[in-house]
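Please go over the structures that come below.
Both complexes shown next keep chain A, but they swap its partner, so chain B is in the first and chain C is in the second.
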Partner chain A sequence: MTATLPRPVHRAAPRLRRDRRRWAWGLGAAALLVWSLAGAGSSGGGVVNPGGTAQLARFAAAAWDPALDAPYLGVLARSVLVTVAHAAAGTALALVVGAAGAVLVSRAAGGRRWAARGLLAVPRGLHEAVWGLLLVNVLGLDPWVAVLAIGLPAGAATAQVFAALVDEVPREAYRALLAAGAGRPAAALYGLLPPAAGGLLSYAAYRLECAVRSAVVLGMVGAGGLGYQLALSFASLRWAQVWTAVYALAALSLLAELGGRAARRRLAAPPPSPSERRDPVLTAAAAGTVVLVGWSAWYLALSPASLVSAGTAEQLAYLSAAAWPPATDGGLLRTVAGLAVDTVQVSVLAVAVALPGALLLAGPAARAERPTPARRVTGALVRGGLLLLRTVPAPVWALVALFVLRPGVLPGALALAAGTLGVLGRLAAEVTEELDPRPRAALAALGARPVGAWLYGVAPRAAGPVLAHALHRWEVAVRDTVLVGLLGAGGLGALLATELATFDWAAVTTVLAAVVVLTWAVDVVSDRARAALR
Partner chain B sequence: MGPRRAARSGGPGVPSLSRRSLLAAGAAVALAGCGRPAAGGSAPLRIGAIPDQDPEVLQRLFGTVSAAVAGALGREVAYTPVTDYAAAVSLFRTGDLDLVWFGGLTGVQARLQTPGARPVAQRDVDRAFTSVFVVNTATGLAPSGDLTALAPLRFTYGSPTSTSGRLMPAWFLREAGVDPEGFPGGPGFAGSHDATLALVASGTYEAGVLNAQVWRARTAEGAVDPAVVRHAETPPYADYHWLLHPAAAGRTGVPDLHDRLVAFLTGLRPGDPVLDLFGAGAFVAVQASDHDRIEQVGRELGLLR
Partner chain C sequence: MLRLAGVTVRYGGTAALDGVDLTVAPGERVALLGASGAGKSTLLAVANGSVAPTAGAVRVLGGSPADRRVRARVGTVHQSLELVGRLRVVHNVNAGLLADWSAARAAWSLVRPQGLPEVLAALERVGLADRAFERTERLSGGQRQRVALARLLVQRPDLVLADEPASALDPVLADRALTLLGETAAARGGALVAALHDPALVRRHCDRVVGLAGGRVVLDRPVAGVSAADLGGLYGAVP
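And now, the complex of A and B:
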């Protein structure tokens, strides 16, 4: 469950002319939604299953009564360390890969965007869990499995975002340096990097929070840590223990989020300092990050040697021989095509359910300027709820949704919608917080009610960036369908799980190629749509 | 390289090595050149298990098993918990696990991918394992041996490569003339035996099938929802067993490793904590041919290639 977006770029003067293309995109989106809804309803015989409310209640009730016995907490405490180490080392790798990739993709560095996008589509189009299972087959039990599975897809996503951030920087300083005789690398380092630093740092912090969630998904496929404990408790439906693990995970995510937020604030508005010395807080944060990554590498006993060992080469050869050429029999291709349709429908429904929810919750979730105590409590509750929505792993949501819904596209869509709402709600709240507060204040001063002031002073300006975030999440949702495929939700995920379980590697290659192409296509479409929104 | 990898799993519930001995071992490995399966020597025996039932109990108590095996062999034992069937088979193939507690089908998969692997022992109950078909009371079906009554129902299996939750039930359905993939909307895969029970209880699926041992344990605990009733039970088949990697003897420096493991496991007396942990009265020797039927069924159902 990774999200990929820096905060949207605000233009100084919005265009007043309406873009006609938006009508076409709007109609297209509506048609896509109707088609997906039709797909969800077509399974026949009703979609709701009221008999499952008791099971749902058991899951929900355990949230108030998490397992707190000492042995279990001890096991969890050790698992937290593994998860932190995986997340930190994975993020470090993602940032290194991202920085190198950004050089390839960035226009400033002379990169060819479409070519690089094609190159990055492969690591990016595959879910962390899929990377994990593939890497287990090459590296065995090596700790690199988790670090690479987090770092490679996140690195590809980071490359694109970093390149976009650097490309948004005004070019004057860069051109001046070039004109003065500096080489391209030096000009880029001194002319482009410093203005983009804030955005880069902000995205890096965001990546760390995503990595915590990725580490848990990986744990569920066997990489250890919190996710492993969660998977064990989940397999025997010990909901009290599942909730304890979820709370531990939520606490980790929150720490990562708050840390990133504090660093970002400090960078945006440094305290007035008497001298030109460095900000001690930021210096400490940077040093802490380096120490954390170093500790992670030590704790996990990461050794570069195992990446190039003879055993690794041997297993890679075994896997390549088994997986190439891809299976191309007509039956499989027809199945893949049919399931690709399901996958798109699941992802469209997930975003369509999450988007209105995110818009509704953005207001209460945003931190107010001068909050009343009641407002403060509401805000904390909504933010906590969103945090839990995105922390409970998708397979758990899928089973819970399946308690009260008939098997089909819908339970999978709702499972993904829960996580999407968690992320999108938070992003929408941030968009709201960063808007110019004056239109709303003016409306309020003129006597408008709070709801009216929000509808006319906030909603119109927040809609564009939030829609852009939603389009990004659509692509993520397509990848995440792999996680919920098995539990009656169908789609390419179910097929992939079956092929992986029966070790039909040629068919796995075919399905993975389909997933990559689908993710890439969705990325292209959502990119065009975002361009029309700007 | 074993001790380093034991650290990686985070040692959940397993008496793990101290950090100092770990560092020493890591340094030794680094000096030794870090080749994967160290030829010869006295590397620890790496045990793995797919926690299929009560995974939670299994992972906490596996320390008992590790200690017992270590005592019998005079070798260190490292336990690696694995949650994914396919991952366990792959880790056995790559030589990262020496001795694995596999299900019937996963054991055959592992043997086909790792030539030379030998079954060691299985529990007395595994010689004649069964699965239980359950239905939701709303279906109004009376318990009977008739599997054809299940054909028009929404039906769920457990994990896709579970022997007791998928393979053998699918086989017996087919024997009874029911298409094992032909249930309305296609069969579901709940993922675990307990999830199958919960999904049949909720009525999302009207019928399902699970491991008889789990069914009996949950019934004894009183944890089965009254909306779920037993419909039929399969004839017996061979299931779980310990499988030993061909390179394990050389790696651990115990030439007669297979025989010593067989002697240790079959020599356990009733009441031994290891037997209690596995819910068994005894371990008995097992031949590769005992799972020939599983292999044949797996091929016919397209779960083995």
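And now, the complex of A and C:
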């Protein structure tokens, strides 16, 4: 009898192979970050200005003591209506533009996406405030200025995101429908849209919230409403009034957010209904939205006639002639190039600061299924903090940062990081909320610690979407850098403001072209990075 | 091993389980039978603590299924597997060791897989050693089912719960999967409770049959005493 010994298996042992492409992207990101940090450090001299701490303290203290006198509240209430009307009409325009644009740029539509992408890069490359300043020169002081300034860039951004959301849906169902003989539109309707619907609606709600912020920013550059009041109070150092305006703004954002969330919940988990009737709550919400947009158009006295009047056409023709060809003298180009480098560094640092913060806060900010009272309170506090961070416009954060920091890359980066953290924290929380809870529950059921269950059950699935959001915020940060500059913090924005003030249209074109090219380049890089993440 | 007393689970108006009494002793291999929607998955979820009963009491291995140390000794193959597609196979399998690991070790393992010999041995037993470092979402349905099985093997549980663990496997692999589950339970003197649909598998691998209908236990006897008529009644007559 021969004993059989277990023989070693002579097969090439499988090895862990890293995904080279993703490592390359990771290294690239690290290099970009180091370069930006070097830029922030090299502004020379100290970066801290200790003289401003007293002012900062007074500003912070006023948070607990906002202005509540009747006349100011009355003024504020009227500004709120203007801002709401701007935001609602702007969002409506953005969603229409976005849905149409998404069809053009989505991968499902195939072919012409690079051309379409290029077309969208122009409207979305420019900040709302820049659009506002340009449109004022064409339309004069018309209510359309604010609506178009919100709707055009937001529409282009929406198109991009709608397309990305549809592209990120797993393709199996869609391909199965195509294989079964369905046409492309029908297959998309049944195989791509339903899984993406939650994300699309969520983004539409987020767009409304953004529109509130855009409307405020436009107010700061002169379109009236809440932003105008905020700028006025800030300029006259009335901190108590600033905070009242900020709280009003936060309340508005919260309303937009809660409305969107409720609608999203309702769509995701409709109450059981035996009949074929539509959900009455959703129907009412849709009708309410239509009424709100109608009211906005009426309240602002939007008239299509002013868009196509002879005066408008004449002004447009004059500006086009003055703005072309763009200025190309060496001095200007060198200045623009230098400022463009600053802009990239500011935006990279903003995202680099915001992303870890967002990841840390996403857990507490996400709504738990069965929360304890303590969990409920921390959740509400974190969500409130994030709301405040993203509600206060970046230029205000920049002014606050300038109390204690010397002008340069750092204050700009911190100001943008605040808003980016506010948005990214919320988006990351939503990503984790929308994940199927069962894999994590399965790990909890086999005795994993909460951290372990999160690392294996949640993090791998959330990482891709959160990084995709972060990359998208990077694009937004580039545009916001221009806005912060426009209101005085230097950079490309300040240059643009000077040229607009002196009606140097040829130079304006040069700077705008630089901004558009920069945003477009960032967009291409971030799109490639997102593809590597899939 | 496992004792349910008067366990009821309600989802809104419907009762998924309705006053279930069930005791499983060490060494037993119990087949859970019942039509779709009868409550098999719910019963297993109550046993591993992922669903808390609306009424009634649950004791598992002498403790509460909410206790992490008890949970570490209960292994489950879930009906929908609950693997993370984006993770590599090794990581989904070593997740079975998470109960023993510190948070730091769990995190480090995502970079450099820990417990690799055990994980590869478990994958060898389910015939997937050569796919260890692939992304789980690239595997076929039956292969994924075997990954979930490997996760349970590395966990070395005392009580093995399996929810249709062979539904996506060919007959040979299905037989092998149930053998592995039975061996895992037996290795530590534990018990196996498996929701199954295939009478042949039930006869070969189990010694007791518990039949559920409409959330109630309607049949409970040794496998030898179960007739074809009993099974017919179980699947035909949902109240």
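In this text, the second predicted complex is superposed on the first by the 442 of 534 C-alpha atoms of A that agree within 3 Å, B and C clash if a C-alpha of one lies under 4 Å from a C-alpha of the other, contacts with A are read in each partner's own complex, and residues count from 1 in each chain.
Going forward, contacts are C-beta pairs under 8 Å (C-beta built on N, C-alpha and C of every residue); 3 or more make two chains touch, one makes a residue touch a chain.
Quick caveat: nothing in here was measured; it's all calculated off a predicted structure.
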| item | value |
| --- | --- |
| Touching partner for A:P460 - first (chain B), second (chain C), both, neither | second |
| When both partners are placed on the shared chain, which of chain B and chain C touches more of chain A | B |
| Partner chain in contact with A:S236 - chain B first, chain C second, else both or neither | first |
| First (chain B), second (chain C), both or neither touched by A:T378 | neither |
| Touched partner set for A:L500, first chain B, second chain C, both or neither | first |
| Chain B versus chain C as contact partner of A:A444, first or second or both or neither | second |
| Contacts of A:T335 with chain B and chain C, given as first, second, both or neither | neither |
| Residues of chain A defined as touching chain B within the complex | 43, 49, 51-52, 54-55, 71, 75, 78-79, 81-82, 133, 136-143, 220-222, 224-225, 228-229, 231-238, 241, 299-301, 303, 305-306, 309-312, 315, 318, 395, 399, 402-408, 486-488, 490, 494, 497-498, 500-504 |
| Chain C residues touching chain A - in the complex, by the definition given at the top | 12, 48-50, 68-76, 78, 80, 82-84, 86-88, 90-92, 95-96, 98-99, 101-103, 106-107, 110, 113, 129-133, 151, 155, 157 |
| Of chain A, residues touching chain C in the complex | 11, 14-17, 272, 438-439, 441-449, 451-453, 455-457, 460-461, 463-464 |
| Chain A partner contacts - residues on chain B that touch it in the complex | 1, 4-5, 7-13, 22, 26, 30, 34-37, 51, 53-56, 59-60, 80-87, 89-91, 93-97, 109, 113, 136, 138, 154, 156, 160-161, 185-186, 188-192, 194-195, 198-199, 201-205, 225, 227, 302-305 |
